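Common to both upcoming complexes is chain A, partnered first by chain B, then by chain C.
Moving on, here comes the complex of A and B:
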């Protein structure tokens, strides 16, 4: 009896309040988690994967609840258990960690107190303060954090994202749970941090023989940690099996398409796109330091966001700027567009000095460099019709409004939406559709350079793949040069001719995409490549063929 | 990235000392600017004290006026009068009331305790009940108790202060005869110190409740929405996932976070409350600063007006600084951000 079933969810449906777009959030879902194994629950947004996990601890939103089915934990049905029983399980035998470790911790309480609260709640009689403190420090040490005494006294905002998630894990481990529910625990983290946190979860799981239900949207993560996989779509389980079965030999079409959509597996960029000639956009020696004032007598805080960076972009070329959060990649993109002014350095566009232009000439140059932002929800004015948003740019540059609107409709059709979309408002569209609208808006001005700032990062993988495909087509049709800012090397691998790796405001390495993947010279680049989830399964360009051949 | 070493206590004390020094300088600068504004405002009104004094003494010939003006320095150009005034402000000399033949400082000191007592009571009452009622409403959002609280607070908010005061007097003094209708203390009855305190307390109830009503309504509504806001944040889910009971979640996790916006708003309004007391002091014949302003205004008693304005400004600024300090205590993110 090694693999005794720990958790069994059978035919569970969760009802949504009347008036929702469907009657059930999840329908007829069955899955099991055994002791000492990691089960990954995979799906795109809206698949109901998170609802499934929340239902186990009955942490569902108001007015939703388990309508049918049973959830048995250790052989007891807990779907209908009373509230005191559930409270005892929560944080006791079953604990949970969440996606965003900053908002999941109380900002006003020291992290040590927050861990201690978990211990005190579940220990009767209440242990002495010394015993609790000792246990808190032990837990902090166990999750690999240094100096537990000082750390316990910190507030969440004083810690990095990775440290916060470790604290969340320490809190979850406080009462030696048999089952850990992890709801996208690494999605908000940088790749190198993600790798460490996943390794920590795996280590704790095998040390303690825990069952782990890990929710993720990333098949790379699945390939790295899962023993078994459950794939969900639109509230239903479409496929489940061992990680090898599902990843190497998926049966369901949706699973196949999801795996095919994992970035880095395809190459949208031919090895030689015949890019030659002088740089279209040439930035030399850019520096930007942000200075934050802190009060009358306190020294201002200085952040060197971009340090002495030079970057050339030829016509039709796509350069990916890759780096983790705080690397200065977005600042660099904005400096090149002159959305913010560099402290020193020069930017030449089409042979003219961009930084010295004023008034109308600057305006004419701005038209040629457009940007697409990360968050398609925030990037569109919610009270402006989509057609007006797209036509607004050309009209501002003197195109007659009728002609501009006709162009807008053509562009909408080109990015894969219907022409009638022009008369609708942004909230009527999904995230992927909105990002297409943003792309249409940027292209309406017929730019020669497009800056895409994490333009596909907020999208589900299948949508991400489609948008990348669209960008790859459009750059050929419109002779676009692109600066593609991303934290995801896999995405960069697909779209970029050249990759620039940034860290702490400096370029650590740059070169042809193939070269970066196959022959990275810098240690940090290697660490980044190493941290790509599912590296073994979905390697960079060139590696896919070998993978297929050996399979 | 911005992780602050917890051992850096010495640096932190130094940073706080610097911040305090900054505050003091700002405080003095703001007081001087306000004093100047007050001076300009008061002198922009037509008429001057000499005219009022001359008018009341029945002799209004030009000679007497000129003589009065020369006596009180009113014939000098405004900038010089202003300079004289500011110099006196810096030396904490509030001047002399020609009308009342007393120093302004002694007039204000006589009235200040009554106003402070009234406003502090009303403020505490509004804040405390607002936080409690708002939390109750927020936790039970959508249930009938929430609806009742919301409607009552809306009614209180919409009721004019003077009308509420009069109605309370009608009900509790005239009809029921439970509470005194006006005044600060019963006059003409010999009392021990304790009896006197109790007597003042009885007199305080109606004006304090009337003054608190609007603010109570504001804090209740603010607290309600703030509690609702915090309830939907991720860390409340974390608390629940820890197995905490609802009561503990409210007290340990919701309340403190939900109070942050209340502290900000209450800090700004505490000052306004001192000014808002004027109406209530008039309705209840409460012998505070409000009445003093009212009388001084009718009599063109510039030194008293300027003195009261200045004292009120100082109170408002002091309260704002206090709010800052309280906010730093409640929210660690503020204090350490300045010190990192």
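Moving on, here comes the complex of A and C:
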């Protein structure tokens, strides 16, 4: 009988180059992965979870290295193995899949070739072309893709995100690895695709008896697939155990806070917020079609991003627009902001036609509708001080700069930053802090409508929870109406009064949050609800109500 | 500050900067080093280097070659810098307008730019100077006219990249006026590659000026390196020093400016400078 431990990492530390914010990326980390089991490595960004996985294959960045400890795979210490040995392991007995399948695939080679390459590299003597082709098609079929012959001939850009990730998995499976390292394999994917990919990983794992080390920041994913969990923080393991132990009975405070931060578990919105009256913002029959030229001899490609959408938003109301990528939800937000002009349709704000405004009149109306973008790193000018960024809006509308700056400092304090932040540049702040700055910038103009375009999607769960809390508080203080665009139904459940579900540019269902969760009428809404990771463990508000009702 | 520091650590950039500063120093001190008019006869003609009082020799009319080089440095640098500024003003304005507004405006602007790009630059410069007369202001104008298209193209590309960025959209949503958005938000973020290309344009402007003077189209009242080579080319086999020293001056100056430009590129481009 062979040893059941497949991978054992013992007391491993990875040193960082001098001048980094801490001396070690990971410190004294020990964990094991057995055959036929999925171990989830959980932690926030910067916790060292990716470093740990990369250290196993020795794919560390320059000037970092394993300072101490041992990594044993199948009983052999690979921390000190030579480069040829490591090369044989990579993609052979240990393979890896990455977060972003588009950048992990070679854009200029057909996917079949790329899978074949990983077979040929590791098989001596080189198998015949027919044998390789047959194996490639078998692998493509194994990862659940239709029509393997045609698919093998496509280029990465012709495939969807989910299909690309399946191709990455097929490449990883090419040499029947004993250990699969999956670095946030579903973070870049939509929820429904995420569910399929996780099911695929689980199926392949149990068929082949593989060990899987899956890195994720989402406890929902952990609840769905893991056998055991390792929680990391600041480069150290804070807790590990079986999934039931850790999730139902967390011992460490940090684990507790992470589990509590999983969205959907709380509700920030009171059941009855007494929202009545005429809509403040009223969009009717909006249409937007993007036409992209495809070269001289091809017909231009038409994408109906938004089709005949009508949306009303009352004062103080929060409407969440939920949909997968490509559903047109961001386009809708930008149409309302007039960052894009619609083809047809009308938007009325406070009784005035927003779309017919030009020049100065448009500028005057703009201040009433503000936006917070998804990526806090792209949304702030790297060369502008935070205070100037926030005060810039009011100054543009004629507020004296001294007064505007004082207001900016007050707002910074309100969103939970120091007033001295006003004199610093954006790069000195973390993602969550930057998003707070973006919120302060939007609110500096005292708008009545705030469009939050995936405003919390790029943040770690615990930061996400804090920012959501902040938004919930601010909308009460400032009587804000909010359009909350998100792909995550769990987040929508926490903050929205009403949910609008979009698919391929159309609204498929809308209704009050509770209603959507309890009685979804549309099949697509149901699919979205089913795909919520960890639905069994972290029941949404609807599920909890249902339990209470049935009890 | 950190940009300056990392530039000071850039070896070839520093060599370039030192040579360039030496040329600038020579240009500034020329009236004191060589108080006489460089056109004056100061000795016997055809004196080789290291003759008495003439350490770079004299030309066929007995003028001091060293004095010519020192005074020529002033002309070369002035023309290089001012004509580059001219082309920057034209190029950045056209590129920024095209890149920011896009659509029809972009189409028109880019057709105009292409028109200038299809005409060989040097021939156009010759034509312009020959038509409007060889005066220093006309030479600067001609060089500016032929060297703006690459700057316009570059600025346009940068503006198109930045126009869709979220921080620019945020500024629009904040109610900032288009001119403020362009000058305060987009331009500062696009300026690094423009500075680099601009610094290299100084070198090519100096070369164009030398070539124009070589062909006898320089300002007849001003001593320039190109004129010195042009005048001495007929006697190059008898008196090599008359053309070699001004040639070396052009070579060193252009090389130095290129090195500085490279150094700026490496330090201002975050992808390269972060690797250091």
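Convention: the second predicted complex is superposed on the first by the 533 of 551 C-alpha atoms of A that agree within 3 Å, B and C clash if a C-alpha of one lies under 4 Å from a C-alpha of the other, contacts with A are read in each partner's own complex, and residues count from 1 in each chain.
The criterion applied here is as follows: contacts are C-beta pairs under 8 Å (C-beta built on N, C-alpha and C of every residue); 3 or more make two chains touch, one makes a residue touch a chain.
Keep in mind that this is a model prediction, so the values were computed, not measured.
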Discussion item. On the A-aligned overlay, A:339 touches which partner chain: chain B = first, chain C = second, or both, or neither?
Written reply: second
Discussion item. A:441 in the overlay: touching chain B, chain C, both, or neither? Say first, second, both or neither.
Written reply: second
Worksheet item: In the superposed arrangement, does A:363 touch chain B (first), chain C (second), both or neither?
Response: second
Item to complete: May I ask you to decide whether A:393 touches chain B, chain C, both, or neither, giving the answer as first, second, both or neither?
Response: second
Worksheet item: Thinking of the overlay built on chain A, is A:378 touched by chain B (first), by chain C (second), by both, or by neither?
Response: second
Fill in: Partner contacting more residues of chain A (chain B vs chain C)
B
Worksheet item: So in the complex, which bits of chain B are touching chain A?
Response: 1-7, 15, 18-19, 21-22, 25-26, 233-235, 237-245, 252-253, 256-257, 330-333, 336-340
Fill in: chain A-touching residues of chain C, taken from the complex the two chains share
165-177, 180, 184-185, 188-189
Item to complete: Please name which positions on chain A make contact with chain C in the complex.
Response: 337, 339, 363-364, 366-367, 369-371, 373-375, 378-384, 392-393, 396-397, 438, 441-442, 445
Worksheet item: Inside the complex, what are the residues of chain A that reach chain B?
Response: 57, 59, 87-92, 95-96, 98, 100, 103-109, 117-118, 121-122, 150, 153-155, 157-160, 163, 168, 171, 294-298, 301, 326
